[in-house]
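We call the chains A, B and C, going by the order they appear; numbering starts again at 1 in every chain.
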Amino acid sequence: MAHQPLTLNPDRLLPADPATRAIARDLYKSVRDLPIISPHGHTDPSWFSLNAPFGDPTELLLAPDHYLYRMLYSQGVTLEALGVSSRAGGPDTDPREAWRTFAGHFHLFRGTPSAMWLNHVFVDVFGLDVRLSAQTADHYYDVIDNALKTPAFRPRALFDRFGIELLATTESPVDALDHHHAIAASGWGGRVITTYRPDAVIAAEFDGFADALEAFGEITNEDVFSWRGYLEAHRVRRGEFQAAGATATDHGHPTAATADLSKAGAEALFAKVVRGEADAAEAELFRAQMLTEMARMSLDDGLVMQIHPGSFRNHNAGLHASHGRDRGADIPTRTDYVRALKPLLDRFGNDPRLAIIVFTLDESAYARELAPLAGHYPVLRLGPAWWFHDSPEGMRRFREQTTETAGFYNTVGFNDDTRAFLSIPARHDVSRRVDCSFLARLVAEHRLDLDEAAELAQDLAYNLAKSAYRLDEPDYGDTRNSLKSA
Amino acid sequence: MAHQPLTLNPDRLLPADPATRAIARDLYKSVRDLPIISPHGHTDPSWFSLNAPFGDPTELLLAPDHYLYRMLYSQGVTLEALGVSSRAGGPDTDPREAWRTFAGHFHLFRGTPSAMWLNHVFVDVFGLDVRLSAQTADHYYDVIDNALKTPAFRPRALFDRFGIELLATTESPVDALDHHHAIAASGWGGRVITTYRPDAVIAAEFDGFADALEAFGEITNEDVFSWRGYLEAHRVRRGEFQAAGATATDHGHPTAATADLSKAGAEALFAKVVRGEADAAEAELFRAQMLTEMARMSLDDGLVMQIHPGSFRNHNAGLHASHGRDRGADIPTRTDYVRALKPLLDRFGNDPRLAIIVFTLDESAYARELAPLAGHYPVLRLGPAWWFHDSPEGMRRFREQTTETAGFYNTVGFNDDTRAFLSIPARHDVSRRVDCSFLARLVAEHRLDLDEAAELAQDLAYNLAKSAYRLDEPDYGDTRNSLKSA
Amino acid sequence: MAHQPLTLNPDRLLPADPATRAIARDLYKSVRDLPIISPHGHTDPSWFSLNAPFGDPTELLLAPDHYLYRMLYSQGVTLEALGVSSRAGGPDTDPREAWRTFAGHFHLFRGTPSAMWLNHVFVDVFGLDVRLSAQTADHYYDVIDNALKTPAFRPRALFDRFGIELLATTESPVDALDHHHAIAASGWGGRVITTYRPDAVIAAEFDGFADALEAFGEITNEDVFSWRGYLEAHRVRRGEFQAAGATATDHGHPTAATADLSKAGAEALFAKVVRGEADAAEAELFRAQMLTEMARMSLDDGLVMQIHPGSFRNHNAGLHASHGRDRGADIPTRTDYVRALKPLLDRFGNDPRLAIIVFTLDESAYARELAPLAGHYPVLRLGPAWWFHDSPEGMRRFREQTTETAGFYNTVGFNDDTRAFLSIPARHDVSRRVDCSFLARLVAEHRLDLDEAAELAQDLAYNLAKSAYRLDEPDYGDTRNSLKSA
C-alpha cells in the first residue's frame, strides 16, 4: 500500500455549505492567531521549571494518554503492549514496539477528536506529511524521536512557539508548589499558574486519604484533625496557591451535591470522617458540605470555583486492581444539578463576590438544567464541553443547547483540560473552528449580524476565559460583569 | 460608534443551503399570512376589555418579561435597576433609566430567541431601524413611548393588526371572568377566550392555598371543604369557563404524576389536604389524583386537558423571599412520563371523548417517552416545544425527535404561551419559519413530496391548533380525528 | 384529486448540500449492492421452510406490523378495523376494508420511517407507481394480492431477490427448531440461522412462565426445577441452537441490571422463583443474575450476547386485557448502564472470549454512558439505533453521539430487527444511506479522508456485522479483534 499523504486542510471543521463556510472562514481567520489562554489543565509544571527534553514518542504521546490507550484496549490490545504502567511498575515493552502497535491500530480513531489532535501535532509540530499506519510507524518514531532531542522541542521553546499566554496546572493541597516557584524565579517569561484542587483531602474514600490529611497538617502546621484547623489549613494553602498565581479552585466530585450544614453538624460530620467511620452517604455529604465551605472562602479570597462532577471513577474493577487509578475506565453518569446545587445557591447564589463555573458529563443537563441555572444565578457560569464531549460534535451540541437560554456571556471560553501538552494548540484550534462555525450558521440564517459574530468570536476564543477566570485582575470584585468588548 | 442598522431579513431562520432555502421560502410564503391561533397564553384580558393605552416602554416590554430580566440578573444587574417589583412593591427606578440599563446590556441576548422576538417587535410594530444599544436607548424609548399614546397601539387595534383569529388567556378558578364577559358584551369582534387553570385550589403548598379554597367556595356556593362539594365546585366553574369560551384546562404541576385512588381514598386524602396536614408526598398525590378527576370531568364536558409539568418553581430562595414568585428563577427538572401518566391512562387512555396535550421541559423525554406515548394512546397529543425550548433550536429538536415516532398529526401546532402581547406575531412567525425549514429539509432529502409539505405547513401553522383545542366545534366528540386537509 | 406519482428518488436521504451529496452518492453507490447481513430479526422461519405463498396484503403488511397500527390507533382507528387480532381471535374484518382504512390514513405516516419503508416496498417489490391513498387503495390491494399469488413472491424467491446473505431469526428455548432443521435439509441455499432468546424461561412474571419452564424440562430432559439442572438445560439448548447456526443469544429485559451472586445465593433465589414466590425485585434480580450466567456460558461456547433493555412492555392496561401482548403499547424508559452492567463487567469485562452487544431505547445514554463504556471495555460493542430510533434521524444521532468516543469499530453494523420481511432491503438501504451521509459530512468537513470513508462504508454496511456476530468463524476466539479491511 502506498503511503497516504497527510495534510491539514485549512477549511477543516468548517461547515460544507459554501456561503456559511465563507463566513466561518473569515471569523476563524480573525481569531486563529490569538494567544492561547489555558485556564484549566493537567500539564506537569516540572516540564517548565526543569525544561528537560521530553522522552521518546511512546513516553510522550502514547503511554500517558488515556484517550488513546482506552480505545486500543477496547479492541483487545493490552496496556502492557502500549507501554502503560501498572501497579507493578512500567512494563518492559520496547517503546518502538509499542509505537508500532499503536500505529497499526490508528484506523480505530477515525472520526474521533484524538485523530484530529494527533494529526495536527504530527503535521504542525513535527512536520510529518504521510498518514500514520503500520507502514509508516518507524518513520514517525524516528522523526519524532529525533526532534525531541533538539532544543526547539524543549518544553519552554514549545510553550513560546505555541503562543501560550497563560497555562494553568492543577495541584493538590499537599503540593509544595516548588516547580511553580522555580518557574517564577527562573526569569523565563512564560506564565504558568497553579489551581487549588483539594479533592485528595476531601474525598474520604480516596486511596490514601489518611496520608493526605497527615501531609496536609505537616505542610500547613495546622491541626487538620480539628474542624477549625482543617478549614484554616485550606485557607492557608489557598493563599499560598494564590501567591503562586492561582485564580481558581477545582473540584472533581462524583455528583454535584452541595450541603449547608450547621457549624455543629459540619464539625460532627468531620469528626466521623477523620476517624474513618464515615459511610458512603456521609462521605458524600462531607464533599457536599466542603463545596459550600470552599464557596465561603472564595467570598474572601476571590478564587473562582470550578465544579467537575459526574464521573464514576475506576469503573473497571479488574483493571483498577492491576493497573491503579486513571487508566481510561472513568465513565460518566447521569447528574442532577437543580436539587444538588440548591443548598450552596440558597446560601451564596446571589453574592456578587462569588463565581462558580459548572461543568457536566451529562449533556441532557445542558438545555434542561445548566443553561436555565446559569441564565439566572449571578454566581454561575457554564464551563465548556468537557472530556468525552470535548469534540467537534460535543462542542456544537453545547452551543446549540445552551445559547438560546444562557446566551454566550454566561459561558467561559475554552478549556483544553489536558496533560497532552503538544496537543494544546490543536485543541484550541478545534474549539475556535467549531465556535466560528456555529456563529457562521447564525449569521447565514440571519439570526446574528456579522459584526456581532466577529465580536463574539474574539470573546469565545480569548476574552471570556480571561474574564471568567479573573486573569486580568489584580483583585477580584465588581469588575467581573463588565465584559463587553465593543 | 455609528448606529448599526436594524432590519428583518426576509430569509431569517431559513436553512443556508440554497436549494433547501428555496423550498422553505415557498412553504413559508404560503403560511406567513395565515391568521394567528393562540390557544395557550398569559395575556391579561383586561387589556381587551378596557382597551386602555399600554404604559411606557419599560412597563410594557421589560419589567414583566422574566425572559429578559433573568438574563440581566445573571450578569449582575439588579432587578430594581430594571424596574421589576419586589414584595415591597414597585421600585422607584425611573423607567427611562431602566430602559437605558437594558439597552446597554442588549448584547447579552445575542443568539437568543428574546433578541429575535424583540427585534421583530422593534421593526414591525414600532418601525425602528437602528439596533438597540446604549447609544440608541433614548431614541427607542421616545419612539415607543410616543407610539403607545396613539390609538393604533391600543390593545384591540394591535390585536386586529396582528391578524389574531383567537387568543386564549388563562384564569384561576376563583376569577369571576368579568373581563371576558365585558369583551363578549362589547360588540368588539376579537375572539378572546379563557382557560381553566385550577392550580391555585389544587396545589396544597401553594402560597395562599387556604385563601383560594375559601374564595372557591364563595364563588361557587359549594361546600368546597367536602370532597363532593369540592369536585362539584370544579364542575360549576368549568361550565362557567366554557360559557366564557374555554375549550381547555391547564395544569402546571411539578411532575407529571397521576393517580387513581378509590373514592374513599381520595376523600380521606382531600380531608387531610383541607386540614393543612398533608405532607409533601400527600400534596403530590393529591395533585396526581386531581389530574385524573379533571380527566373524568373532561369526559363529560369535553374540555381538552393541558399538562405542563417539570418546573422547579422559585428555585432561588433569597430572591423568592425578597421578590416573590415568578421572578425568572423557575428551573426545569428531569421528568418521567411513562410511569407518571400510567394511572390516568389505565383509567381513561382509550376513551375517545378525552384529549390530553402533554408538554415537557425535559427534552430527553421527546424521543424516549413522549413520542412513543403519543404515537400509541388515542387520548394523547404532544404540545409544542415549551418555555426554555420555545426557540429555533428547541423547535427543530422537537420535530427531529418526535416526528419519526409520533408523526406530525399527534402534535398540536404552536403555542406562544406568553404574556408579552406585542411579541405574539414574532413568536408565531418564528414557529412557522422553523417548521417550514424542517419540512423543506425533508423535501430536499426526498423524504416528503412537496405537495405533502405544503399541506403540512398549513396544518402546523393553523389547522392542528384548531383541531387539537376543539376550537371549531360546537360540541366535542367523534369529529376530532377527522383532520385531513385534502 | 389526481393520483400522485410515486417514485424513489435516487438521492433520497442524502444531504442537500451539493458537495456533500456528491460524496455521499459515491459512497452509497459503493455499498448499495452489497449482500444483506441481517444478524438480528424476527421473521418466521416457517416461511422459508414451507415456502408457502404469503396471504393477502392486509395479512402480510398491515395486521402484523405494530409500527403501522399503533399510529392509526393513536388517531382513533380501532385495531379491529385494521384486522389486528385480539385475545378473542382474529376479527372478521374484511381484509380489503382494513386495507382501505389504512390507505385513507396513510398521510399520518408523513415524515416517518414507516412511510419510507413502505414506499420502498411498494415501488421496488411490487412495481407500484402512484401514491397510496383512499383513492388508490383498491388498486394497491389488487396489485399486491395478485403478485403474492405468483411464484416470484414466495418467501425463498424474495429472499434470493433481496440479496440476503444471512438472516437470523429468534427462537425461544422451548422451540424445537424444526423449521431451521427443515431449511437445512431442504437443499435450498439460503442461510437462515436462529438466535437463542431465553426470556420466556427467565422472566418470572412473564405470561406463562411456569408452562415455559415445564416445556423447557421436557425438551431438554433436565431437572429444570433444580438450579443445576436449569443451567444445564440452557447449556444443552445453546448447543442445539448453535448446531442450527446460532452465533448469538438475545435478552430483552426491562432494565440492563446484572448481578453476580454467590452460587448459594443464586440457588436460593432460583428456588424462590421456581416456587412462584419471587416478588418484583427478586424477579428482577433473577434476570440480572441470568445475564451473568449467560455470559459465563458464552465464555465456553462463544455465543455473542445481545442485551436489549429498557422497554416498558404492554403499557396500555386496557389494550393488554383485550388484545394481549405486543400490540404497539411498549414504551421506552430511562435506562442506566453504568451501575447496571458493573456486576457482569466486574466478573467478565476483560475476558477476550466474551462479546456483548448492548442496545438502548434511551438516546441520552449514547454519549454519556454507552460510548464511554464501549470505548473502554474489550467485551462491549454498541448495537445500532434500535426500534423507535431505527430511523434516519435516530441513526444520525447515533453516529453523532457515539463516534467521537467509541469510534466506528466498537459498533456492529446494522440490525433490521423486523418481522416485516418485505421491508428488509428498504431498512438496510436506509441505514446505508444514512451512514454514507454521515461519512460524507466528515469528508466534506475534512475530518476524514475519502479513502477512509470508503473503507468505513463497507465496514458499516457489511463487514462489522459479520465480525461482531462471529458469522465468518468456525470457532470464536482471538480473531475477533482483527477487523481491518485494508
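The rule is short, and it goes like this: a residue touches a chain if its C-beta (ideal position, glycine included) is under 8 Å from a C-beta of that chain, and two chains touch if they have at least 3 such contacts.
Treat the numbers as computed from the prediction; the structure is a model and nothing was measured.
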Interface sides of chain B and chain C: same vs different residues, half threshold: different
Rotational angle, Cα trace of chain A fitted to chain B, multiple of 5°: 120
Chain B and chain C: spacing of chain centres that average the CA atoms, whole Å: 40
Two or more partner chains touched - positions in chain B: 15, 17, 364
Footprint of chain C on chain B - complex, ascending: 15, 17, 19-20, 336, 338-339, 342, 345-346, 349-350, 352, 364, 367-369, 371-378, 380, 400-401, 403-410, 441-442, 444-449, 451-452, 455-456, 480-481, 484, 486
Chain B-touching residues of chain C, taken from the complex the two chains share: 1, 4, 9, 11-18, 70-71, 73-77, 107-113, 116, 131, 312, 315-319, 328-334, 361-364, 388-389, 391-394
